[in-house]
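The following pair of complexes shares a single chain, chain A, combined with chain B in the former and chain C in the latter.
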Partner chain A sequence: MFSSFRQTMAWLHTWFGLILGFVLMVAFFFGTLSVFDREIDRWAIPETRFEPQTMPSFDHILLPVLRQVEPDQKEYERQMPWLHDFGQGPMTPRLELPVDEYWAYTTHRDPVLVMGVGFGVPHPRDPAAHNHIHGDVTIDPRSGVLVPDDALKIGSRWFYPMHYSLNWTWKYLGYWIVGLAGFFMLVALVTGVIIHRKLFREFFTFRPGHQILRSTLDLHNLTGVVALPFHFFFAFTGLLIFAGWLYFPVGNTLLKPLHDLEHQREALEIGLPYERSGHPAPLASVDAMMAEAQRRWDARGMPGDVGFLVVRHVGDVNGYVSLYRAGSDRVALVGEGIHFKASTGEVLREDPPRTVVSEIHDFLVGLHLQHFEHWFLRWLYVLGGLLGCTCIATGFVFFVEKRKRKHAEAGGQGSRLVDALAVTTVTGMVIAAIGMLVVNRILPSDLIGKGDWEKGRLGTYPAACPVAQCPGNGGTDQSCLEGTVSGDRGTGGGCSAAELGYHRRPSAQDRAH
Partner chain B sequence: MVDAAAIYLMGATLAALLGFAWLALAMEVHWRQVFGRVGPSPGTRSALRLLGGASLLGSLGLCLLADHASMAALVWFMLLALAGVCVALLLAWRSAWLRRLWPG
Partner chain C sequence: MGITVLVALGVDFHEAEMGMLMLAFILFLGLFLWAFSAGSLKWVWVMLVGGAGLMTGMAWLLQGVLI
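So, the complex of A and B:
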């Protein structure tokens, strides 16, 4: 089919890059925004614009709030009929579900604290499964006052999941699409390096003065090559994060019996109770346990604050409290978990040093998830993300520029279609994200279901994008993207793509260009 | 401590920029862009390469002084990306600025 290996690779790079480039663009753009997801949350919810806080007192601030938390109504209605065994009688009413688990989570960037309660299902269909109905809340850790949870955390609950799931949760379809795109990103990087004839000789090459095809390709190569390690490792580690539980979930399918057995064996071996005993017991001071954990981390030369706290089997003799260190000075999220008996506060176990395999895994996952405290590196990641966006966008421009004249002369619509899709994806997405943040500031903060209003708008923002006004047929010679990004070519600058004469046939001057 | 790390990182950024700039000057096409004449001579080229390579290594060293090794590696690779883009854009639009980096 192709005369050379390089041509084969070029075909692969062009077509898979084109098709999955649209998804990759979304992943890169929202991934870039996600570097500052918590900070965008602050934009969206101005009441929470105060200094990040460390984990507050559990005994005095968290526990009183946790005791008030109710199981989520929607989750109860959706999950309870699945989890409950109707052979043992009717469903336990929502407000009578017993508390089984408390958790709280914070990072060095969070002023507010998310926490929640896992409620047990008294008569579960599958006793071995994770039978929980949840109730989550967000509080101001300084006072324990609830922050309304229906105010959408645009950064961490919308832009961030958009990055890896397109916010398309039905059958995890979005995760799969992004995963596929991530895989082909690796392919695109490898094929890109193969078809790039002068990787080192043109390492610093960008010739903006040359014709558009040349300078676009320069920019595509430049942004791809200088950040090649970034692109490669982020695609790879992104896949790695989801490989274990979504893409290759052998632990829940093929090897499930082994997996469950291992869990029980592990619980026995490490001495942390796997199940409730049925005998009630009080909860000792968790604050004292937090102080002890910090003392032990200090002694190991890894001082730090508590980032994640879980109380399992609440109110039972078997109850225990697990404390994990917040990510800070290491790339890997080094939890260094310490587990205490809930009723007495004695240390049951300290997690052992990690194996080499898990250290490598934690490093790779950690470099993508960025729990660490390093503002400079965060900004460098933003740069890497924007370089990726530029690389993809210039890929689109190159695709269109290379073919548009031929297509126009043949009366084909191919490059027009790609052009339109590229503009809606690239420009539309930027407009949508900005629009969402603007709408967030315009809508009154006490509007009921404000978050849903904001989400609802996201899909309509790209309609404001100029491409929506580019109907019609016939050949086009001026790409939408140029029209919006550099609207100065040939028409005196600054006008929208719609004004750029979409019905114009290629002129003699353009052909000569 | 925080201040020391910030100074090391500034140094690392500067070293990465200088390193890539020197490596670019060692290439004929960029040398011509900057100095407007043929070159560099073989001796100059070796010197520029050596200087560039050493500067990049120095940048890595400063990153290692500033942070835990695992973190430093990430910072360094990202600094290379930053420096690479900066040098390429300087060569494209402000190539004369790089003249000061070599007495040629």
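So, the complex of A and C:
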């Protein structure tokens, strides 16, 4: 492609970094915010600002609430026609769906408790599929009182999914775009190392007094090198988290027969009932099972609380309760699961020790998802994320500064376009995030559908973003006109059209060139 | 192919999958960089398309033997 290997790498670094840099900026910025997603939730829902709780009594607090949960109306309308086999008769009415599963999940940073019910589909189209219509609720674990579910958990339900899916779930398109950007992050890091070479020197080089091009490149290199392992690790593990089920789902495609065979073998080996028997049975005390699980974890030298519990095949003789340990005292996401027979409380199985491959995988994924309790390390994550944002932003600045004069002389619009998009993405995204938090405090807490209001307004916040400065092209500081913003959500996409329109107008300086 | 080979050697399917996925991204990264720096476009096609086809075919055949 080019005469030298380094030139090829430089081309890759520049152009792929530029194209995917906008997505990476979103992923880095919202990933940084996600380090404190649960704390941001507390900002958004003030009534949940109390100390995190351990898993409360299932028998006395959770079960009475779970028995009141109904299948979600929207999910029923959306999913039921797909899951139900019309050859066996009409769809079962929503409120007559049988309960099949209970679950509850809590973390050391989350005062509220999320839990839900999986309702079975009596006549499924594919009996082997996950035939559930869900009903999820959030409660105050101290009392069992429901927390309104239309109040948006801005941190964990908006900023966090923005980090890995751009909140664009249609056909998983957002996941794919972020995944592609994550891979090109790896490419950009490796090519960056190849083209710069003098890593150690660049670690200590920043010349703010020099011309902007030099200073920007110094800052780009410095931020890239300082957090190089952090950036590489997070891009890599981010890909790994979604690899098995989305990016390379070989177990569900080409190798599905082998995968299914393995599942059957596992089911026999594990001994946990795969399906309902059809014979009813009562539910024994889950609190007693929790106490037994804690005793067993203690005996293994890892005392801890229950973080996640699932009751499968509810009300059936094949029902069983799986209890997983809250793993906030270690990096790897491990549950040390213990499974009980639901009707008697008898221990059916304890998950065996993990293999070396599992340990490595769980450690890598756990380090990315940072469920552990280590506040200093969390702040280091924030620092690493912000360094990543700085690295990408200075990459944009360097791209523009290097080319703007040449483009202006040639009458090209390339650097203006990049400048406008970069300013819109970077500042628009920050303004959008802050605006969302501010609007959350302004809107009355009892406003019906408050969460939808907050989400719906996100696209309008970037209207306040400043227009990119292009001194070489004669640009000046101006604000976008709010009325020209057309995006309904996202990270400033609606603003870019307005900005580009502005930038396309030739200035006096342009005409002079 | 890596997964089926490992399963054939007695490794648990999910273990093999996890291990190969971790390896895959490093391998793809190397291949991606090589594809842009390779001297011959024909050779790139042979390696990428040919390699992918060959490995997919072998995985499929080996799976047929295993189940």
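One rule holds for everything that comes next: the second predicted complex is superposed on the first by the 465 of 513 C-alpha atoms of A that agree within 3 Å, B and C clash if a C-alpha of one lies under 4 Å from a C-alpha of the other, contacts with A are read in each partner's own complex, and residues count from 1 in each chain.
Convention: a contact is a pair of C-beta atoms (placed from the backbone, for glycine too) under 8 Å apart; a residue touches a chain by one contact, two chains touch by 3 or more.
From a predicted model like this one, the values you see are computed outputs, not experimental measurements.
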Partner chain in contact with A:227 - chain B first, chain C second, else both or neither: first
First, second, both or neither for A:261, with chain B first and chain C second: second
Chain B versus chain C as contact partner of A:12, first or second or both or neither: second
Partner chain(s) touched by A:380 [first = chain B, second = chain C, both, neither]: first
Touched partner set for A:120, first chain B, second chain C, both or neither: neither
Chain B versus chain C as contact partner of A:364, first or second or both or neither: second
Touching partner for A:243 - first (chain B), second (chain C), both, neither: second
Touched partner set for A:327, first chain B, second chain C, both or neither: neither
Overlapping contact positions on chain A, where the chain C interface meets the chain B interface: none
List of chain C residues in touch with chain A within their complex: 3-4, 7, 12-15, 17-19, 21-22, 24-25, 28-29, 32-33, 36-37, 56, 59-60, 63, 66-67
Of all residues in chain A, those that touch chain C in their complex: 1, 5, 8-9, 11-12, 183, 186-187, 190-191, 236, 239-240, 243-244, 248, 250-251, 254-255, 257-259, 261-262, 355, 357-358, 360-361, 364
Touching residues (chain side chain B, partner chain A) in the complex: 9, 20, 24, 27, 29-30, 67-68, 70-71, 74-75, 77-82, 84-85, 87-89, 91-93
Touching residues on chain A, where the partner in the complex is chain B: 201, 203-208, 222-223, 225-227, 229-230, 329-332, 363, 367, 372, 374, 376-377, 380-381, 383-384, 387
